[in-house]
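Shared between the two complexes below is chain A, which pairs with chain B and chain C, respectively.
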Partner chain A sequence: MDEMKETYIQEANELLENLESSLLSLESNPNDGSNIEQVFRVMHTLKGNSSMFGLTKIAEFVHDLETIYDKIRQNEMQLSKPILDTTLLALDHLNKIIIDSELEEEDNQLNHTNLIAQIHTFIGKSGSVEKKEDSSVETEQDVEGPITYHVMFAPDASIFLDGTNPLILVSELTGLGKNIVIPHFKAQSIEEFNPLDCITFWDVFIETDKSIDDIKDVFVFVEDSSTIVINELKYTNLVSNKEFGEYVSSYMFKEKSIDVNEINELADKVGESSVKESSKAVEVTPVKAQTEAKVTTKKEAKEKVLSSIRVSSDKLDELMNLVSELVTTQASLTLFSQKNESPELEVISENIEKLSRRLRDIAFGMTLVPINNMFSRFQRLVRDVSNSLGKEVQFVTEGGETELDKSIIETLTDPLMHIIRNSLDHGLELPETREEQNKPRKGTVKLKAFYSGISVYIQIIDDGKGIDAEIIRNKAIAKGFVSPEQELSDKEIFDFIFYPGFSTAEVVTDISGRGVGMDVVKRNITDLKGSIVVESAVGVGTTLTIKLPLSLSIIDGLLVEIAKVNYIIPLSVVNKCYEVSNSEMKGNFNKLLVLDDKQIPFINIRREFGYKQQPDEEKSQIIVVSDADRKVGISVDHIVGEYQAVVKPIGKYYKNQDFISGATILGDGSIALVMDSHKIIDLYTEHSKLETK
Partner chain B sequence: MKAEFSNEQAGGETKSFLSFKLDNENFTIPVMKIMEILEVPKITKVPQAPNFLVGVINLRGAVLPVIDTRVKFSMSPIEYTINTCILVLSIEVNDEVIEVGALVDSVSEVFELNEARILPSPTIATKYRADYIKGMIQEDDHFLMVLDIDKVFSSNDLESISEYKEEKLDETQD
Partner chain C sequence: MAKKILIVDDSESIRLVVGTALRAEGYEVIVGNDGQHALDLLLESGGVNLIVSDLNMPILDGISFLKEVRKLDKYKYLPFLILTTESQESKKMEAKQSGATGWIIKPFVKEKLIAVVKKVIS
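This part shows the complex of A and B:
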């Protein structure tokens, strides 16, 4: 059972995530019918799952929520901001109670009651008369013998004090069948009025095939203190009768309950005449239409569930390991077949190569998730935080299709959340201030992800007030991190932000400064083998750039040789290859080569890596690689060919040689080192800086 | 030979040790720490690495960093002979177990010894850093040094095990 519960929670989490993103896109496109459909469908699936697991509290709650969207879907209600706000709150609540399904925690219980009341006001808003149509969904099965009851429910004035919400009881009652609800108020003068007292009581007409005991059950907890009268009426179809409806509606908000005798008299009048033909005939069609609609949504939901299955990450890891081994073995096979010069063997080996390449891509794709999943979570954060701060924010995401390892994404969520909070709280100015500075009223926070080499970059860009390097510097001096004489570049100064105990915010708000400092952000990112850099200009904005490894343990690479050592350059960065003579490189002081009429800076790797012996051949190969937006040539001795490299870590001992991102084992058992071209270029530019000094 | 290490004293656990040579000095480490002993395969050097890191090797599909133990101990770099071999060690660094290959001049033997027989290393008159040496074992007229390999190999810096580097260099010059 526990396992099943776990499955339920996993699924529910996914559904809720899905729901959240649909709601947010609904917010930006309120008229998009497909979004409403989507919201409704997800709620419906969640409701189904919950009741399947016997979690009735959740199921009922979702049912109420779903009712709102069902109405919107059928244009009976208009989508509004309060509805969305409530739904989002309800979503948060659901996130909590899928674990605490019996509402054992007091907070959850309180929340639950409040939210249900709120939801009910929305459902009630469109008029209690309309409710009968909505609830007709429930009466799909009322084929024979429904009985109409009149229920008068007058809760004790002190009912609120023991934490009971009478609305829940009413809604539970209306869940039993077609109904008309007529609320009444006990009139009180303003002097007598006590806001803690319940002054509302209800007349409910309900048509159901449930027994009178079921109705009594609803009130089982309040029957001692409240007045409950249940009468069975003579006619069964009164609830659907228009005339009857109009008559009882006229009692709405009156101080007096509807007299049972009066009802029976009225029922006598309208009962015989119109009930049979009109109401039945009218009602039948919509009910049917609705049932059909339900069937189709169910089907779609089912298709969605079937399209994915859950696999434990252990199994995926194992699969990845096996694929890695397969790729390595396949390399040996290729080598062997090349030596043997047997055409048949060559064909087999080539086929296996193709297959293993495809297998590798698929196995890989399984562990990767588009970063969008995470981005949509932030949409919500930005919305809530900017609302509470009174700031107007446009949240832009770019490159959501960029894929990253699932575990990396999970670890990254908290740091990114912190950074975005910071941007919203300390970065962006208030709308008025922005207008004074001739900036658009709405601030922009942009979240951007893109690939470069075997890394993924994530940038958080805001157009807020920026960080004043001077302030940071002074603070760093005050804190004793640096001596006043020391000259520092802006980059180095901004790095102080990540020092433990360094905060420039004068006021700690509840939004930022919740204990997760930038030092923790940095540590989290470093743990992922990533790095983080801050750039900022006062008045213009701040950009934080996070660089992360792709976790691609198998890459397509170009196998090259430098001083008899094999290296792999990731094929994704390789642009073009050229052949140049060594003399051309030697006499070249400004380290530029003209290739295809373009000046391209180059790095003499032989020299940078400190290989002393001269190359055997006259010519070197220049591999032009892209690094961010520039192109740089890297000189190598030979190009061996394309190679699928299973990248393995070279261990902690080489942590200072991070321009080598790993090693791979070649078909003949020897080792090739995998270059990180980005780091090599960084290294090279630093070296040349030193030389010019 | 074994008899000499028989457990005369009570108390202490009997453990297996492996002894090996570095530049005519005898060292020993518990066998428990040694995963295997390899002949020297082709070593791929990682550019711009500290001297003692000679490179990486392919250990049945895994990449294993290899350390020139002699350089690590401030001796002259190892000269490859037929006896040179790699001890694959499993060491603990910050609660993490990592594997590393240690190049040694030759391995001598495996013997059993009661831990109680390990003598505390004299704090004076030793030329090695005290925290790298767990103790000494006397064998005939010479001593075997028991290394604390977790400490020796956990530091990434080119730290010398010898406290008197200059003196040692002088000796070799003599």
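This part shows the complex of A and C:
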């Protein structure tokens, strides 16, 4: 709800801004009808929104204000300076109470009362605020015990053409209580028979606690086209009376509806006490429609455009491309200015660099939306699922402000929903079980999003029973995914969860565990160029971590050189740089370097990349990059400097590797490869594993 | 398959409230900012099961939008609900005459909205 409230406030602020400018142009142009319309329309929207959010004080206030302009619009009142002054004051007041809708501040309260009084002097109302009928609250009539109604419902022949199904109305009616339904057919000769016509009508006897208004509500959309007669019968237990039932059933499929007098007579025969003189008949007659032309002025349309505009995605893509080109060209300019050693040129080039950086941020920010939108959708899911499972759950979200590409968020919703269902169904224990294990009764499912490097991480964390690696392993062996003698790390074992056709749930429930799912989840995420990892501890809980690339194709990087080839390491993962002598690295057997009194594992990229010869210089640079919760050093020959890199894909010939995520063009036209430090570290750890085996 | 509902309102708050409520009921929801946008969406989307539309909108108002929808053969009988306020009684009748299936009176509670939606597309 908070997100909705935020949207409400944001929109209300926009509306008030809009209102202010409309009022001001109305003041300078009092005879312009379109201004009045605009003022009225904005007030109307604000009133509607406020009442939707239950902010009755604001809604009533705006309603009164709106009444003034409605009257002016209908020429029942003249616009005057006092009216405009008061409206502008009211506007200022609204700006304040949008965030204080209950008028908790004393000043606001006082202002509110004063302004209402002033507004009422214009619309000729006195005393307290008129109580508006809240149409959403049903006003229950005083009904003592159930009443039996006779309802005759004869839909208009053309009812099917409205898209209405009369049977749904009948079943809605019978849902109100005990009933007898007698259908009838209108006779039609074969010549006049039209299959699109509705020729059925119904007599329904219904015994219900509901009021006559509730019955009328059923027919609210068809009341003007159909014939509906509702009679209240004095006798209450006719519906269950066998003799009565038999009698009315004899009318079934006849062309005539049952006469009320007959029913009353019959009721007498059936043996009830006194006869009711006449039943209360309510005939619903069609209401004559009034037509009113609605003129939408061009101005209105224009005003709306200012708050937000729709842009085709083609144009956005084009903008991104142009920004990329700009960044590349700017790199050439920087290089050129450095070579020329002209201070003026350098100043210009630096300014352009700053501007292009800002332009880049804005352009890429346009396609991003906060992940909160998706998170709040899961609240309801968690509530419903946990209720149906009899589990008590606290749902926590963190990092909702993290932004992701809109299309990624949309693709991600279903996989996340599946994972959350799994956590609720298989992860969390029942409240009793949890208490026995000294865990809080209420389980916790946490949804967390955060940035790291050029990726976004989303974690689903539960404090449930965890996954037993041994069970997964045995099952994987049983399914033939792995041979029994193979040694596997927990991480590798948990990966089996994502194999097609793998499901560990002993009981398959409606909620999850149909064995289709986790493999689809993984595929969805891989399609987004992301990855998913499971960590779990028995009795403690399970954490699923999804890693997704940011859509940004321009990154801030560190330009380095290895054997005369340029590489870019994303600046966001770079932790610190050190200088180390080559002899120290060469004589190193455990692949650990002591840097700042800490042992840090390192990767000798020259060796990993297969360069046989040693670098010319005596010293190499170690760049310490952070990867999740570890730090790893990467050795390079030189550090060239910071560089804004436009990352381009490197084409299908290189698709079988993933430690280079792209390439970028440098200022002098040469190419630098962009390293994916995470993948390089993975590669290294796997190498080391093979070596230890 | 989830039924698809097109919500048309120039107010983002209303779109959000209505959309969230209907999504929670399992409907697929697409939203239009005004009649014209909605009409474009309708033609692109390849069909919806219900339209819920506001009346007061810029560019193309609700009634005009409804009339345009009814001109399309494919949507001649599509359930179409209008969102209106109690002060617009005359509008309600105009909408009805132009082919609206029914209406939802603002303000409404979620349950009411869902009941009405179910009534027309269950």
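Everything that follows uses one rule, which is that the second predicted complex is superposed on the first by the 370 of 693 C-alpha atoms of A that agree within 3 Å, B and C clash if a C-alpha of one lies under 4 Å from a C-alpha of the other, contacts with A are read in each partner's own complex, and residues count from 1 in each chain.
The rule is short, and it goes like this: a residue touches a chain if its C-beta (ideal position, glycine included) is under 8 Å from a C-beta of that chain, and two chains touch if they have at least 3 such contacts.
Remember, it's a predicted structure, so these values are computed and weren't measured experimentally.
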Quiz item: Regarding the shared-chain residue A:665, is it in contact with chain B (first), chain C (second), both, or neither?
Solution: first
Exercise. In the overlay, answer first, second, both or neither for which of chain B and chain C A:496 touches.
Key: neither
Quiz item: Just chain B (first), just chain C (second), both, or neither: which does A:48 touch?
Solution: second
Practice problem: Look at A:164 in the shared chain and tell me whether it touches chain B only, chain C only, both, or neither; answer first, second, both or neither. | Solution: second
Exercise. Identify which of chain B and chain C touches the larger number of residues of chain A.
Key: C
Practice problem: Mind working out whether A:153 is in touch with chain B, chain C, both or neither, as first, second, both or neither? | Solution: neither
Quiz prompt | Interface residues of chain A shared between complexes with chain B and chain C | solution = none
Self-check item: Touching residues on chain B, where the partner in the complex is chain A
Solution: 42, 44-50, 53, 56-58, 61-65, 67, 93, 98, 100, 156
Quiz prompt | For the chain C and chain A complex, residues of the former touching the latter | solution = 10-14, 16-17, 20, 23-24, 33-34, 37, 55-61, 63-64, 76-80, 85-86, 90-91, 93-94, 96-97, 99, 101-103, 105-109, 112, 119-120, 122
Exercise. Flag every residue of chain A that touches chain B in the complex, lowest number first.
Key: 325, 328, 565-566, 608-611, 648-657, 660, 662-663, 665, 669-673
Self-check item: Residue ranges of chain A touching chain C (in the complex, touch as defined)
Solution: 3-4, 7-8, 10-12, 41, 44-45, 47-49, 51-54, 59, 133-136, 160-164, 168-169, 172, 220-221, 224, 287-292, 294, 296, 300-301, 303-304, 310, 376-377, 380
